[in-house]
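Look for chain A in each of the two complexes below; its partner is chain B in the first and chain C in the second.
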Partner chain A sequence: MGGAVAKAVVDGVLTGGVYALMAAGLTLIFGVMDIINIAQGILVVLGAYLSYVLSQDLGIGLFLGLLITIPSLFVIGVAVEWAFMRRLQERERTALSILVTYGVAIVIEGILELIFGPNYVQLRAWYVNQSFHVLGFYLPYIYVFGFALAVFLLGVLYLILYRSRFGRSVRASLQDRAAARLVGVNVERVSTITFGIGIAVTAAGGMVFGATNAFNANSGYDLISRLLTIVILGGLGSIGGALGAAVFMTVIEGLVAVLWSPVWATLVFYAALVLVLVIKPVGIFGQRAARAQ
Partner chain B sequence: MARAPSEELAGAGPVPRPPGLLVLEGVVAGYGGGDVLRGVSFSVPQGSITCVVGPNGAGKSTVLAAISGILRPRRGDIRFDGRSLVGRTPREILGRGVVQVPQNHSLFREMTVRENIEMGAFTLGDRALARRRLEQVMEMFPVARERARDKAGALSGGQQRLIEFARCLMLDPLLVILDEPSMGLDPRTLRTVFATIRMMHDQGRTILLVEQNARAGLRLSTHGVVLENGVVRLSGSGREVLDNPEIGALYLGGGISAGPTGQHPAGPRSGHEGGSP
Partner chain C sequence: MKVTALVQGGRQARSPAADMEEPWQQERRARGAWAAGVAALLAIAIAFPWVFTNPTTTSIGVFTLIYMAAATAWNSFAGYSGYIPLGHAVFFGSGAYTLVIAAQDLHIRGGYTVFALVPLAGAVAVAVAVPFGLVALRTRRHTFVVITIAIFFIFQLMAFNLGITQGSSGIPAPTPTWPAATFNDRFYYVALAILVVAAAFSWGIRRSRFGLQLLAIRDDEDRALSLGVRVSRVKLTAFALSALPVGMVGAVWAYFIGQVYPQFAFDPLFDISVALMAFLGGLGTVSGPLLGALILEPLQQYFTLQFSSNALYLVVYGALFLVVILLLPRGIIPTVRDRVASWRERRSGSTALASGPDAAGGVLSSEMAGGGVAGAAGGGAVSPPGPSGPAVRRG
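Right, the complex of A and B next:
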């Protein structure tokens, strides 16, 4: 039992890191643009399929392939922002964005289903199949590699946000768009690039997701539900909150699965959301409403 | 003894005005379908403190939005130092030396005071210059140095206003635009804020402010502009506007006056709002 609990915690932390990365993109987009990107889940699946094609058809390794998939999804993000997001009226942006990004999600899902069919696939590599022994249980290498990748990319995100001029303009837009404009920040450009970055992280998230789960074109729904839960628990717009909430939730889910039953585990995930929204609507990790960093 | 700006102005009233640093000509502008400004013309003389007053909805804030490039006028021209600002982006307008401190608290609450002030130099390419300016500004605003590492959101309303002033000085502006600098401040803080406005003026900057607190604003100013229903009702020296009986009755009467001496409408340089900075 002790080993199973330890495994649940370790699994939870390692998976949580990857969810944290995907959720960070979602919450960053909301923070800067007041946009809730429902397509984030299907874009993770798109990232997974891109990695699948690169590794299966072109023999490019999953991690090396990120050098192609991350920029590709960045470009897709910028295109979606340009085509749809910037046309949304500022006043009703959040509500409209849910509908519009849902539409985008359905289109991407349809295209993926057309190309890849309904069958489940999983990414393959030696580190997906092989495990190592630790704390009395076996752990596939991909969990550790995926976690390391997530930590690395979150570190890059942190450096961009807190150590660069561009990051400063992102944080300024996050906190007060009007004031950011007045000091000369080009908020529209910042929004476009932020949307691109928020989507680009799904390439990495998708690769790890596709290596640790079997997926098909419909896998986006479960993902977006989890990601939304995480960003709401973390406090919408709060990156630090998203990190904490992601790890917290995946660990809780793992523990419930081990100590109780896997059936209850998923339920607990969403029950936590309802509970938090009732008790503390700004999220357990959110300091204030929405615009906290 | 406070250096009341109106003293510099004594006798300046009838003298032909120097050409304005900022000139608005027939500006028509508004949001959505309607025009808030319906042909606004006035000028802000170089080296003046010009105060725009008027009732709610007269278009005071809209004038400022048009000047700073946030709102594009439908007609008319806005010239700064002889060159048009119409169609320029807020960033380009900052580059010309026109900065604005908005009405609502506009500090980035989750950034430190220091970071906030540094944001004032966001458009400045020269980092060494930005560092030197930061030093100068910190020198001018002791509160900025004392609270440099604190989150801006933790400061009091008055302190935040001063940090906003400090931030706007990072570009060493020629024209400082202040939207309702007195709003929400207690009388003591108000004096500090007005004293700081005088300090910026004494440094040779031209100041354009919008004030709901019309009497206090006009006393501080060398020039006044009365806006009503999107047109200029009257403009002149601060004294002229204060002394105009009609205007006094309309806009400066009891209700909106926060001046310490409400009884004399001329408001003869009581100068209580500020001590030396």
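Right, the complex of A and C next:
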């Protein structure tokens, strides 16, 4: 039992890091643009499929392939922003952005299903199949590698946001779009690039997700509902909150799976969201969730 | 009466053009034409299965009516209050499961008795909607949308995993023993009856003080609260009311389909379809969701029949969705109504001097007819849909 609990906690922290990366993209987009990107889930699946094609058909390793998939998804993100997001009227932004990104998600899901069919696939590599022994249980290498990748990319994100001129304009737009515009930030350009970055992280998230889970085109629904739960719990727009909430939720889910039943673990994930919002409508870690109209 | 006399008197004092129709006469005439139009549409709907007897066609008719009722009900909360819930499939699925489980427990084999369970399904949907609303309506805007999605997934997971719903193998509905040729007609008329109730609800809410309170919430919730609207109660009531027809059509759907599976009873595409229908027709209008569903659902059924591939359908549907929202963000009905209004204005522009005061009188009297605008409406441009009343503003 003790070993199982330790495994649940370690698993939870390691997968939590990957979820944190995907959720950071989502919450960053929200913070800067006031948009909830429902397509984030299916884009993770798209990233996973890209890695699948690269590794399966072209023999490019999963981590090396990221050099191709991350820029690809960045371009897709910029294209989506350019084609749809900037055309939304300011007044209706909230409702319309959710519907538009939902529409984008449906189109991508359909295309993926047309190409790859309904069968589940999983990414293969030696570090996916082999495990090592630690704390009385076996852990596949990919969990550690994926966590390291997530930490690395979150570090890069941190450097971009807090140590660069561009990051300063992103944070200015995050605080107040109108004021940022007044002091000379090109908010439109910042929005486009932020959207691209927020989506580029799904390439890495998708690779790790695809290596640790079997997936098909429908997996996007499960992913997006988890990611939304995480960003709401963390407080919309707060990257630190998303990190905390991601690790918190995956650990809780792992513990429930071990101590109770795996069937109800996912339910606990959402139930925690409902429970937290009954007690504290702005989320555990956030103060900004219920931003003024 | 007094109000009309006053308005009349004022109008006469300002403009003695006696050969013009009185505003209330115009309105009565418009209302008569409107009632005749509704009656004609209803007659067409009733006659439809007699004219088109092909089972494929009537089956599309049943699905269309189900979605028309659901979209109307969804809009009677979302369109008027400005909150966008993406979790009404919870009520649809609850209604569907209520019917099949109750029929099983009560040993109802089939036939018309099963339809007696439809109101029960509606009641269960409302019973589900109250705690759902209590939780979700504590939040606003993005968080509200996300919460409804999360609660939707909780219900889908429960349907997969609870003993009562028998998991992914699903529950069979009672099998009706009606002849194949007119099999669909029973479902058609029951769905039509629910649709009429849902549309009447939607229309009634739109015209009522309650509806004005909802519109005030949509325009500015904090201001509505400070003006004395009991915001929480109004929102929750509207939310629960909107669940009723959805649960009922869910039950009809279950009986019609014959087997209830968790992934189809609690379908995320249902949430988004209903929203799209309302957006396409015109969010916050009475007729918009009806028109939207009337366009989209036959299209969806046609696709399902024509191409067995679900994936292709997803691509087309999503693309259509994007086009609608980007090109017609306000929906068909408000866009057309504005065009007509501006065309009328331009046409009557030459006689503007004579008819100016009349127009003012018309607006005044139509506002009086709506009743209770003062106090409830706050600052929003709210006016009941008169003959040439301003289009509804969305907030």
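In the analysis below, the second predicted complex is superposed on the first by the 287 of 293 C-alpha atoms of A that agree within 3 Å, B and C clash if a C-alpha of one lies under 4 Å from a C-alpha of the other, contacts with A are read in each partner's own complex, and residues count from 1 in each chain.
What we mean here is this: contacts are C-beta pairs under 8 Å (C-beta built on N, C-alpha and C of every residue); 3 or more make two chains touch, one makes a residue touch a chain.
All figures in this text were calculated on a predicted structure; none of them were measured in a lab.
*Asks:* Who does A:Asn119 touch here: chain B (first), chain C (second), both, or neither?
*Replies:* neither
*Asks:* Looking at A:Arg171, would you say it contacts chain B, chain C, both, or neither? Reply first, second, both or neither.
*Replies:* first
*Asks:* For the overlaid complexes, name the partner, chain B or chain C, with more touching residues on chain A.
*Replies:* C
*Asks:* Touch check for A:Ser225: first (chain B), second (chain C), both, or neither?
*Replies:* Touch status of A:Ser225: second partner only.
*Asks:* For chain A, what residues appear in both contact lists, the one with chain B and the one with chain C?
*Replies:* Touching chain B and chain C on chain A: residues 293.
*Asks:* In their complex, what parts of chain C are in touch with chain A?
*Replies:* 84, 86, 135, 138-143, 145-147, 149-151, 153-154, 157-158, 161, 220-222, 268-269, 272, 275-276, 279, 309-319, 321-322, 325-326, 329, 394-395
*Asks:* Quick check: in the complex, which residue numbers of chain A touch chain B?
*Replies:* Against chain B, chain A makes touches at 165, 168-169, 171-172, 175-176, 178-186, 291-293.
*Asks:* Residues of chain B touching chain A in their complex?
*Replies:* Of all residues in chain B, those touching chain A are 68, 70, 89-91, 94-95, 99-100, 102, 106-111, 115, 119-120, 122-123, 167.
*Asks:* Applying the document's contact rule, which stretches of chain A touch chain C when the two form their complex?
*Replies:* The contact residues of chain A facing chain C are 30, 36, 84, 87-89, 91-92, 94-96, 98-100, 102-111, 113-114, 217, 221, 225, 228-229, 232, 236, 263-264, 266-267, 270-271, 273-274, 277-278, 281, 289-290, 293.
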